[in-house]
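A, B and C label the chains in the order they appear, each numbered from 1.
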Amino acid sequence: MDHHFPLNESPITYTQNPVVTGTSVIALKYRDGVMLAADNLASYGSLARFKDVERLYAVGDFTVIGASGDISDFQYTKHLLDAEMVKEYYINDGHVLGAPHIYEYLSRVMYHRRSQINPLWNSYVVGGYHNGEGFLGYVDLKGTTYKSSSIATGFGAYFAQPILRKIVEGHENTLSEEEAIDAVDKCMRVLFYRDARSLNKFQRAKITAQGVEITQPYSLDTEWSFGDSKIN
Amino acid sequence: MNPVDFYNETLTSVPTEHGFYPYESNGGTALAIAGEDFCVVASDTRQSNGYLINARYAPKAFKMSEKAVLANSVFAADGNALVRRLTQRIQWYKHSHEKEISITALAQLVSNTLYYKRFFPFYTQVLLGGIDESGAGVVYSFDPVGSYGLEVCRANGTASALIQPFLDNQVEFKNVQFDDKPRMTLDRAICIAKDAFTSATERDIYTGDHLEIFIIKQDGITIESYPLKKD
Amino acid sequence: MRAKAEIPKGGFNFDNYRRNVFLEKQGLGLPKAIKTGTTIIGIHFKDGIILGADTRSTNDTIVANKNCKKIHYLAPNMYCAGAGTAADTEQSNALISSQLELHRLATGRQSRVITAVAMLKQMLFRYQGHVSAALIIGGYDISGPSLYNVHPHGSSDKLPFVAMGSGSLAAMAILESRWTKDLERDDAIELAKDAIEAGIFNDLGSGSNVDINIIEKDKVEILKNYAKPNERAVKEQSYKYKRGATAYLKEYVREFIVTEGDAMDIS
């Protein structure tokens, strides 16, 4: 093996590791489209390094991507997507990239990078509204993809997905916006209780026929006083 | 000091690099049965990772032509990449030869495509089921680097060890003495596929959610789907 | 034979450790034990404790038992749900249960939950986590209802609601969003069922049915298979073989002869 390389030189290793990271992204389909949420924390190991980072990013008029994992890789991905949107705009043939196209592009980039053993260290959720219906897909650093009526990355896959599935599965076309917001809040509260790399300050995005709407960061009321009772 | 550490061969600890392993197992099972003039390809639709279910409906069987269906398991990203490459090659074939690719040619194409990545393989087990030029049902199965063979029935994926002996017994009548071995009818093949999957769902944690059955006949392909247990 | 009697030294013996590491490298590791992949929970409600468990046990990726029991008896007023290696949870419980019984016979008093917890955690700590038992202990004693969990290394917590096993995160998500103080009995059972079902449907290590135990003052109710949300599908056809389907080389018939007395009445 060694003889392939000059003496005292080791093969090129690209694979880094995540440094500044974002935790879970959660998302669900509902009657009017798709809703996503992610908190505003960027951690540096166990340090809560930046508390004002936006991890939901609108791409075009009907797509939002939510990112967990390495923040610098996310910023690079945003740059890639913006470049792609500009390229498409300048062709000026009336065609615009919708959620499925952006998802396909992102999936190919992610799979390509994993095949070079130089991955973008992220899990992405692509939410959108296209051809009269909601779109929701997942892609990660290994190029693994799937579409589902509810998606959660990172710790969210353990804590939020069970809650989301119970609410969403079989009710994708009847769930109201209020019910969807309730579901998101319920999940984000549980994640704040149980995920040590989370923050009680997050944003919510909705993508409907009317376009993209991303809320200002907000917090939830929490309850930590179970210890008062005689049972503890 | 922990006495166990004392007995360890190296006392100095080396910081471990966060390595990247480009593969993962996404579970799932597929099977194919060839009949005289038909072929059945069935697969579950659960995609998982570790103890998590990624998606309850993520199909891994795809219609490749009017007479061929391809099912794959293990690493979903590689499986999808393979299907994409093949789909494009099938289109090129169609345009340059002005005819649809035969399953025999398609099988060779799958093999070549897999072997092309011999030293960075597509981590996938492939099943190809369909109708050949003579109208007979055929099943081809492939290993991750392109070794392949023609078969009557084959199961692959996480529950393959549970289903293959069942198929050998019920389809090829291995280890049974019968005066009259019944012909394999389409109805019986579907029954066997369904029973294989409901049983595999009972015992294999990676198999479940939905069952998709592709029925390939001379006059086209139809898809039937059934619910499986979701636990 | 030893030349003279040695005084046994306290603590563990690691003589075989290097050998075992070597064997493991040669591909001769220990056989895999059956794990109860598991979702187990315990919650406080107004009048007592509810323990809940799924019923799947796995051997690697194969389901070993589709309807096993994970809530074990400790004392008449005390039960224990176990996750981890099946043998370890069963043996730890049996051992402590037996010691509690002897203690009751010696003292003539009802067992206390804290006693069982102390005995279990001391035992588990001695084994430094090698006894893979993650336990939830619930009971009702002189000091009222109490609920503890004990980790395999011997640490314990006393909490209003707990979950353990591979499905604990799914179950905890439900408990965190719905548990409140002084739940009514029926509501508490429903919450416990939903928490276990979250594990059953979202965690591949958990599955099949929901077992519930309700422990109140001088009253225990055991609801084995309280919910069965995963009935097996009916098979499409029968796989009964015709007589003579199995080939054989030799036939050997032996008659059973009754030598004394009347033939057995089998009517």
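Descriptive notes on the structure:
Rule of thumb we're sticking to: contacts are C-beta pairs under 8 Å (C-beta built on N, C-alpha and C of every residue); 3 or more make two chains touch, one makes a residue touch a chain.
The structure presented is a predicted model; accordingly, all values stated were derived computationally and were not measured.
The touch graph of the protein chains shown is complete. The interface carrying the most C-beta pairs in contact is the one between chains B-C.
Distance between chain A and chain C, defined via averaged C-alpha coordinates, is recorded as 38 Å. Chain A and chain B have centres, each the mean of its CA atoms, that are 30 Å apart.
Contacts with at least two other chains are made by residues 158, 161 of chain A.
Counting partner chains per residue, chain C shows two or more touched chains at residues 201-202. Across the assembly, chain B contributes 52 as residues in contact with two or more other chains.
Per the touch definition, chain A reaches chain B in the complex via residues 15-18, 111, 114-115, 117, 119, 138, 141-148, 157-158, 161, 169. By the touch criterion stated above, chain C contacts chain A in their complex at residues 44, 144-147, 158-160, 169-170, 172-174, 176-177, 181, 194, 198, 201-202.
Residues of chain C touching chain B in their complex: 11-12, 14, 17-18, 21, 37, 56, 58, 61-63, 66, 166, 200-208, 229-230, 232-233, 235-237, 239, 241-242, 244-247.
Those residues of chain B lying in contact with chain A across their complex are 17-20, 22-24, 26, 47, 49, 52, 54-58, 76-77, 80-81, 120. Per the touch definition, chain B reaches chain C in the complex via residues 3-4, 6-9, 48, 50-53, 158, 170, 175-178, 188, 190-192, 194-195, 198-199, 202-206, 228-231.
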